[in-house]
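Before anything else, here is the set of structures, which you'll find just below.
Each of the two complexes below includes chain A, the first together with chain B, the second together with chain C.
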Partner chain A sequence: MLRYIIKRLIYMVVTLLATVVFLFTLMEFVPGDPALVVLGEGATDENIVAIHKELKLDDPYIVRLSRYVGNLVQGDMGNSYKTRQPIAPALFARLPLTMTIAVWGIIFGTIIGLVAGVVSAVKQYSLFDRVLTAISLFGASAPSFWLAMLFVLIFTLKLGWLPATGSYTFKHWILPIATIGLQASASITRMTRSSMLEVIRQDYVRTARAKGQTQFRVVVSHGLRNAFIPILTVIGTNINGYLGGTVLVESVFAIPGLGNYVLDGVKTMDTPVVLNGVVFICFMCTIVTFLVDMAYAFIDPRIKSTYGFGTKKFKRARLAKAIEGGTAG
Partner chain B sequence: MKRFVSLSLALAMLLSLITFGLAGCGGAAGTAGSTQATEAQKSGFSFNTGDPDTLSVIQNFDPEVFQPGNNDEQGYNRIARQIYETLFMMTPEGEVTPWLATGYTWETPTRMVITLRDDVKFSDGSGFTAEDVAWTINYAKEITLPVAHYNVITDAEIVDTYTVALNLKEPCMTMAAHLCNSQCTIGYKKAFEEGKGDWLGASVVGTGPYKLVKYTPGDMVKLTANEYYWRQGEPKVKNIDMRIIKSNESAATEAKTLNYDIVIGANTREFDAIDAIDGVHMDKHQSANTVYLLLNTAKAPMDNVKVREAFARAVNIPATVKLAYGNFGQPASALISPNILGRNEATYQKYYGAGHDVETAKKLLTEAGFPNGVDLEITVESTDTQRCDMAEALQAQVAAAGIKLKVNKMESAPMREYLARGNHQICIYGFTSLTMEADGFLAQLQPGSSALARIGYDNKNFFKRYSEGAATEDITARGKVWEECCEMLMQDYTMIPLWHKALGAAVRDNVKGFYWASDYEQVYYQFISK
Partner chain C sequence: MRENELLSVENLEVKYFLRRSTVKAVNGVSFTINKGERVGLVGETGAGKTTTALSILRLIPEPPGKITNGTITLNGRNLMETSEKDMRKIRGNDVSMIFQDPMTSLSPVMTVGDQIREVISLHSDMSKAQTIERAKEMLELVGIPGERYGEYPHQFSGGMRQRVLIAISLACNPKLLIADEPTSALDVTIQAQVLELIADLRKKFNMSLLLITHDLGVVAETCDRIMIMYSGRIVESGPVRTVYKNIQHPYTVGLFNSLPRLDIDTDRLEPIKGMMPDPNDLPPGCTFYDRCPYVMERCKQELPVLSEVGEGHFVACFHACNKESSNG
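What follows is the complex of A and B.
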């Protein structure tokens, strides 16, 4: 297992480094003079020259890349062109809000998605299955900003039950999390249903039923557990997507999350904000991917055993397989 | 089974702990204060509209930092101006009045001597002196802050404790009006030095009616009254809670919920719907900003004056404005907005009075060598829905005259750069007469300014007359020069005025004293009561 973790960690570092170099290089191709971003409407030729000197914009690409990577490794993300303030504190201040929407949205979506997907699979072609399939199709195809605005219209302006914007109390979080959750649940429902349909037709499920196990135990222990790997992949992909992609929901509910921060950077051509924001989101995504990889190993003993730190039972099974194949384990 | 269930539960709990842990430790910057959640819980989700001591406001700009002159956006300065103040201020009637200053004299045409009030204190109780004024201006120039008003200043010099002199590169008789602008607020040298330039905390000390209590990035600014404020009886409301909502749709929604006293930044299309709600009204005011079609005279085929004139004839301004803004604001009736020195409706009538005339447009295009029509491109900011609507309306109108107009929608900052490089043929852009005189926008069309490339104008006489106007002390004579400069711009069809902008805010009926300052679209909360 340790070998597995180390291998994944090495992948993570290499991916991150490659991403940083790629993004920095990409930003080089963004047209525009940062001096004009700093100086705004009243830029004069004289001031543009001064800003170029101050920001060392005329240094060669490789010098600036080395300086950026060197500073980043030390935790220094540099300053925003627009505000001239450090970027790191601004990013970290926004992280909790995005995390709250993304993680709670996913938890909410996963609960709904798993239950709906399992029931749909078990009751295949029933009215319940058809209704759930239609709802999940709607959830997957409705844009998040539209869902968000629909919720505001119904629950704020018509019924007056919930606040329209903000992130201060439990009530404020309901609509953003419901928006994300409903979207996430659609893909999880669909994946759970198709994955479960494959698994519940397997011999071992039939055997479990024949042994007289309860329906709940058959479905959850033998069915869902074996169907969970692709579902986990979808959950991981969703978390990654929502870490950087809740911007529309953040915008409608006026939640100052990471997505909004990076979007503002894009609008004002504040390239250090965009670069560091995207690098930071990539960093978060690699961590999530790493955690999902770890979860695979816990859920699927075959992965764990591949790396030599499996349970005794699987070690024995692997040894038996090796002997059977005529090779030494 | 057990392991699977316990693993799922553990994962869910871990994620919850991470998010709540993060929510607990992050999210707030600025000075001390109780947590945001606690305050919000106290007031539910309505932001203290019932509390006479607190004004709840929605702003559409996140300041990110509280440094005098750090940003040239009106929205930024609408917040910073509550903490810092200017030497002069524009009255609602558009007249320059001393504020932190008591007056000024011109020692020479390039040396302005300003005397300061001796009873002004910063919010920490220390006295305000000439040292702070000189430091603010010199520091802004040293680190190249985006304050265009300081471009003409060489340096600021302390004469004595309450007198400061500004040395200028060239005469600028409207300097006092420039110094009214909220970009020219005065900081506190000692707080800057002791706070080591912490513009989110220790260095944020001004002479303004309010002081910063807490700033939550992207979300909220909390201000409270400066107990050392030099104007007796102000501010009238002790606290301001400013929510930052950038989406104009969301701001409009909040205006309809009546959860806030003042909402700035609501979508103009929702103004009538908001006005129809009991308990709130739209406070509308004429701005000093006019939106133009800027024709780049340096870019072919717009370098041909006949093509520019043909375009001016092909557009239907009243119909375009009606479509985009309804009855809000007014279609242009001169090159600059009403109440601005240098405005002349007669010269506007002379050049643009004939209005929409497709046949004349076709004839002019033929004379220009385009008998079969011409392909042109109009650049417009993609996030400004009204301007995008206008561009599409114009596209349909000019087609009748044989002009195939392509609409190029760009984000704000890339667009600024695109225009600064003179890559466009036509664009929709606004200019504000910041000094309530035409020079407020004419100054931006002078050599050395990046804004000049928007019209690519190269008329030596225009530049010469502008310099002469800037050096003219007599206001009436100066007004005549500004009229002359405006006429040159119209005569050469460099810009077609479209819409004299109006400002609007949703204000609850119990809020008194709200007004917009036309010059820079500012709001002075110190005069507002509930």
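What follows is the complex of A and C.
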């Protein structure tokens, strides 16, 4: 198991490093002089030169890259060009808002998706299944901002039940969370349905029935548990998507979260904000991916034992094999 | 109901309703199994053996399958009128089943011990610790060390997995064990071991056995009675000795002729020519007529029913019955 964790961790660090280098390089191609962004309209030549010196903008690419990575590792993301404030604290201040809608959205989406997918699979070709398949196809293909606007149109403008924007009481959370939840549930439903359909035809499900197990336990402890790996992948993809991808939802509901912070950076050409915002989102995504990988091993004993977390007997067998290989070679 | 009768199946019909067609898998099968009796059910692939067995447990996948006619009585109780809840108490407890493919019949994400424990805790009031103890005992009984309780199926070979499945099916001392081709997915060297294990344990617990197989030799060794099934019907049945000495149905004759024999010097095996009729579209008469060397005009029109040709020996064939009556 340790080997599996270490392998995943190394994989995670490498991915992250490559992403940082790639994004940093990408920002090199942003046209215009950063000093102008910092100074705004009335910039004089002297000021520009001063800023270049202050921000060490004239150092070679490789020097700036190393400096950036070096600072990043220590948690220093530099300052915004626009506000001249440090970026890291600003990002962390906005994190809770994004996390709230993303996490709750995913939780609701997962619950709805699992229940709907399982029922759909068990009652394949029933009316419920057909209606649900249509809804989830719609949910998966409708863009999130469009769904968000549809909700605002219905629940805020037409019915006047829920506010679309404003300070954050319980009511304000409902629409953004519902948007994300519904969209996440669409893909989770689809994956749960197809994975369950495959699993409930398996012989071990019949074995469970032949033991006299109840339908519910047959479906959940034998069916769903085996169907879970591909479902988990989709849940992971969804979480990753919404950590950064709430941008559109945040902007419809005017939520000052991570997404809007990065979006503002884009609008004002504030490259450090954009760069660090995206790096930060990538960082969180890698953590989620790591956790999902851990969960795989937890669910599927075959992965666990591939990486030497089997029983003692299994380890002995591997040891014996290794010794055999050693003497043969 | 006779005194020592355990199971009686009468006129069972099972159909699978597919989109374009209706598969008539079982077409009026009747038989009984007595307490402690060992019955072999033989027939080629698609004859309806598994379907018959699953009907006894009411586990036909529905849809598409459905028992369209017949009664099944277990210990005097009509299973066709038993509620699903009561059926669950029967499955794994009074009647249990071993399936064909041990590689796919165990859940890959559950320890083998827990899979044995599951059936025990479903049918008893034991505490968790007691069920674990009992599951370990069952493992030992089928020849697997109890300390492997916590291992997963992928750590076991096919033969050992089948042992685990045998442990599951015997854990609650069932009255009837149905073994559906329990060895056909296994290595030849393991086959004999597994069959022997089933035979030993059956004797030990004094269970009845319904053994489904392709192998006439296995039936001769392990069963008291044989039933031969062809396109959803039983075409010949009787005590193993009687039937093997005096085979009557041309299909059974064909089955025996397609066996390799050491005592007779032949150059090649003689498989039965042709194929079983399409179960969507069964002929009105005998379903074997177009493969039968003795086919008569009557066979194509009229369905032969089982009639007794010897002590407990039944055959559904006009040719065989004519021969018997003209002889006697």
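Just so it is clear, the second predicted complex is superposed on the first by the 305 of 329 C-alpha atoms of A that agree within 3 Å, B and C clash if a C-alpha of one lies under 4 Å from a C-alpha of the other, contacts with A are read in each partner's own complex, and residues count from 1 in each chain.
One rule holds in what follows: a contact is a pair of C-beta atoms (placed from the backbone, for glycine too) under 8 Å apart; a residue touches a chain by one contact, two chains touch by 3 or more.
Please read these numbers as outputs of a predicted model, since none were measured by experiment.
Following the overlay on chain A, a side-by-side fit with no clash is recorded for the pair chain B and chain C. Using the contact criterion defined above for the overlaid structures, shared-chain residue A:209 touches chain C, although it does not reach chain B. When the two complexes are overlaid on their common chain A, residue A:194 makes contact with neither chain B nor chain C. Touch criterion not met for A:133: it reaches neither chain B nor chain C. Within the superposed three-chain model, A:19 lies out of touch with both chain B and chain C [touch as defined at top]. Contact with neither chain B nor chain C is seen for A:237 once the two complexes are overlaid on the shared chain. Of the two partners chain B and chain C, it is B that touches the larger number of chain A residues.
With both structures placed on the common chain, the touch criterion links A:299 to chain B and to chain C. In the superposition on chain A, A:95 makes contact with chain B only, not with chain C. Of the two partner chains, chain C is the only one that A:226 touches; chain B does not reach it.
Closest CA pair between chain B and chain C after superposition: 9 Å apart. The intersection of chain A residues touching chain B with those touching chain C, taken from the two complexes, comprises 221, 225, 299.
Chain B makes touch with chain A in their complex at residues 1, 4-5, 7, 11-12, 15-16, 18-20, 22-29, 36-37, 39-41, 44-45, 62, 64-65, 70-73, 143-144, 146-149, 151, 199-200, 216-219, 243-247, 249-250, 253-254, 256-257, 259, 383, 411-414, 416-417, 420, 444, 448-451. Residues 57, 59, 87-93, 96-97, 99, 101, 104-111, 115, 118-119, 122-123, 147-148, 150-152, 154-155, 165, 168-169 of chain C touch chain A in their complex. Interface residues of chain A, counted against chain B in their complex, comprise 31-33, 36-48, 50-51, 54, 80, 82-85, 89-90, 92-97, 99-100, 103-104, 106-107, 149, 152, 156-157, 162-169, 171-172, 217, 220-221, 224-225, 228, 251-256, 260-261, 264, 266-270, 295, 298-299. Against chain C, in their complex, chain A makes its touches with residues 202-204, 206-214, 221-222, 225-226, 299-302, 305, 310-311, 313-314.
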